[in-house]
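Two complexes are shown next, each including chain A; its partner changes from chain B in the first to chain C in the second.
Here is the complex of A and B:
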């Protein structure tokens, strides 16, 4: 039982990382980013290439996060900022869909479509704690997700640029009037989001097999986690991801018949009975 | 200080402002009266850089600010407190205020914050609360305080009385007037509540369909029969149009 919960949390931490990226971008720039997962896939391939060249694991992770930050910033500056002027949010959503195809195509072209084995960061026998079996790689993803969530919250709640990002999510017009440099904030948001994508990709790749489509499932699950969390709340994305991971694992064990359809059933239930999600913001306005 | 000359603004093919000239001096409160759709908000949005003028010049102490980005305009010291307050409801009162001083140094901001909290003591008690939980009057004070955090040289106030009880409006207007006189910033006040606006302002302009029909000292405007009929609802009747 505890083993199941723990594994669920570990998988959930990946959903959380990805969902945070989706929610950050959606709540501030109003773009539903379908490329979050595939950006993680692409960055995982880069990490793989580095590892194969005997770059040490920590350096590969840092490098991949850095590349993610850079690609996010470039995407916003080079593409999204221009697209935003001429098209609707729907148009920008299509741009992210196109991006998934481009990323999957590039990955296939450079690295091939044969599934590759991504080496885990931590090897060795699982740990036994209170009767639960804890896989080391799982522990690492949980720890990494924990640290990242902590840092992200510090940034969002304690730094000017973080507070400004949240203000942008609430009222872009007011943020502009205060002189908040909206364009720089957008760059910051996309960069952060793709940095998160890189981490998620590298953490989950050893658990799955590395191929161009391997993050599609994660993207879908992260989306469901975000819905569960209310779509506009970073806290919600974190909790939603962990919760989904655990529920999924328990359901797969006890009711294996609905293992695959469970998360989709869940999303329907949430949208029907709790459309604001667990942490969705009702506007807290008093007349 | 703030000079607007022959300002034209269009929404697509439709011109909303047809050559407006307005000036605001240091410590001066200038009101712009007009009914819905006269172009009052368009005027403020153009000054703060949200809209671009099609023709005309806006300068602050001789420096052109018309057509600049809002962030540039704010850095020059022209701060727009918008209609409907537009506070960030899910951010704390403190975070709202911090964002008002986005460009300030830490020292400036803590000094300004102390000043704002001294001016609006009610905000001090609520610093850690979400701004959306404040009452309407408190939200307007927060919007004003947030504007003051930007070290304004000119404050653009759009309908600060909207949705407020008359007594709260009077309180806020009195504070605005005192601050402008004590700290030497100009105020461009756009109001539908013409009586209250003329009470606190030094001069006024009457905007009708995108053009200035009348201007003068507030006392003169208050006595003007046309203004009385259209905006003051006849003598001694406090009505809003």
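Here is the complex of A and C:
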């Protein structure tokens, strides 16, 4: 039982990392980013290439997060800033879908479509704590997610740029009136989000096999986590991710008949009975 | 002249396979293009008219295709009834997913359909009646009223009939009360609500219709390709169908035909070694279309014909 819960939390921490990226971008820039998972996939491939060239593991992780930050900033500066002027929300969503086609195509072209084995960061026997069996890689991803959540909340609630981003998410018009530098905040948010994508990709890749489509499932679960937590709440994304991970593991063990359809059932139930999610506020209607 | 253009196009379309008698593979690709066009026509309705997005359109094709194929191969049901059953089951799934997702604003339909796409392929893979991971092989060719559409040449006409049906339904839907209501809502949700349009009702109608089109396309795919595998109905097909719709041009009935032809032929010209780059190419085209041609490639056609018309008026 505790092993199941722990494993659920570990998988959930990956969902949380991905969901946080999605929610950050959605609440501040109003873009539903369907490329979050595939950006993680692409960055995991870069990490894999680095590791194969005998770069040490910590350096590879730092490098990949840096590349993610850079790509996020570039995407906002080079593309999203232009798209925002010409198209609607639907158009921006489609831009992120185009991005998934490009990322998956490039990954498939350069690295092939045969699944690759991504080496885990921590090897060795699982630990036994209070009768629960704890895998070392799982512990690591939980720890990493914990540290990242802590830092992110410090930034969002204690620094100028973080508070400015939250005000932008709260009321874009008022934030602009107050002279908040919207363009730099958009860059900051996209960069943070793709940095998170890189971390999630590298943490989960050893548990799955590395191939161009391997993050699609994670991305789907991250969306469900975000819906569960409330689409515009970063806290909701963290809690939703962990909760989804645990529920999924328990369901797979105790009610294996509905294991495959669980995610769909959950989405339908949440949308029917709890459309704002656990932590979301009811979105104001806008014309 | 403009009045007769559709009939001229139809006559040309009827003659195409006769001209290509010597090249059955080309006819086969044309058939595939038309099947994808039928499916994308549903997205055109949903997205171009309804302003909603679906990421599980391939799943509805899988539902239609597998339902009909299993009915025909295992239960020996006649094709006509299997076809109706496939379309009906797609509609039912559309209703179940669309009802909770479309009452809410925003992108909830995209998330719910993404989940559906994943779940449907997982379940089909696990069932034994659907051939699991190996897929279903040797699905018999479609036959209606004692006539079997065995060759790709004869299937061409069957699929063309399906395509024309969806085009007619789409045209009428756009001009109907529901279509008008949806367009009003797409352009201004508050305005539409103010004049008393029931938003979720019409969105649901469009989504169920879109599911029906996808189901029909799935049935035709199953019986003309005669092989089904869940790998062919994943998220990438859903995204490609979206790309076909947007690249061809939303809001016009002919755009999706153009988009599907482009997609099927470019993909097969590039060959398997460059298949991955086709994805990149279409991603880039999709980006460019969103940025510069909001009404897709068919806009180029309209611009040219518009220019011709204005020249004639002038001169």
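Convention: the second predicted complex is superposed on the first by the 281 of 287 C-alpha atoms of A that agree within 3 Å, B and C clash if a C-alpha of one lies under 4 Å from a C-alpha of the other, contacts with A are read in each partner's own complex, and residues count from 1 in each chain.
Here is the rule we use: contacts are C-beta pairs under 8 Å (C-beta built on N, C-alpha and C of every residue); 3 or more make two chains touch, one makes a residue touch a chain.
In this text the structure is predicted, and so the values were computed from the model without any measurement.
In the superposition on chain A, no contact is made by A:116 with either chain B or chain C.
By the touch criterion defined above, A:208 lies against neither chain B nor chain C after alignment on the C-alpha atoms of chain A. Look at A:139: by the touch rule set out above, it reaches neither chain B nor chain C.
By the touch criterion defined above, A:5 lies against neither chain B nor chain C after alignment on the C-alpha atoms of chain A. Legend: residue contacts after superposition of the two complexes on their common chain; A:49 is shown touching neither chain B nor chain C. When the two complexes are overlaid on their common chain A, residue A:252 makes contact with neither chain B nor chain C. Counted by residues of chain A touched, the larger count belongs to C, out of chain B and chain C.
Of the residues of chain A, those at positions 283, 285, 287 touch chain B in one of the two structures and chain C in the other.
Contacts from chain A toward chain B in the complex involve residues 160, 163-164, 166-167, 170-171, 173-181, 281, 283-287.
Looking at the complex, you find that chain C touches chain A at residues 47, 51, 53, 55, 96-97, 100-101, 103-108, 110-112, 114-116, 118-119, 122-123, 126, 188-191, 234-236, 239-240, 242-243, 246, 275-284, 286-287, 290-291, 294.
Here chain B touches chain A in the complex through residues 48, 50, 70-75, 80, 82, 86-91, 95-96, 98-100, 102-103, 130, 132-136, 146, 150, 163, going by the rule given at the top. Chain A contributes residues 32, 34, 79, 82-83, 86-87, 89-91, 93-95, 97-102, 104-106, 108-109, 113, 212-213, 216-217, 220, 223-224, 227, 231, 260-261, 263-264, 267-268, 271-272, 275, 283, 285, 287 to its touches with chain C in the complex.
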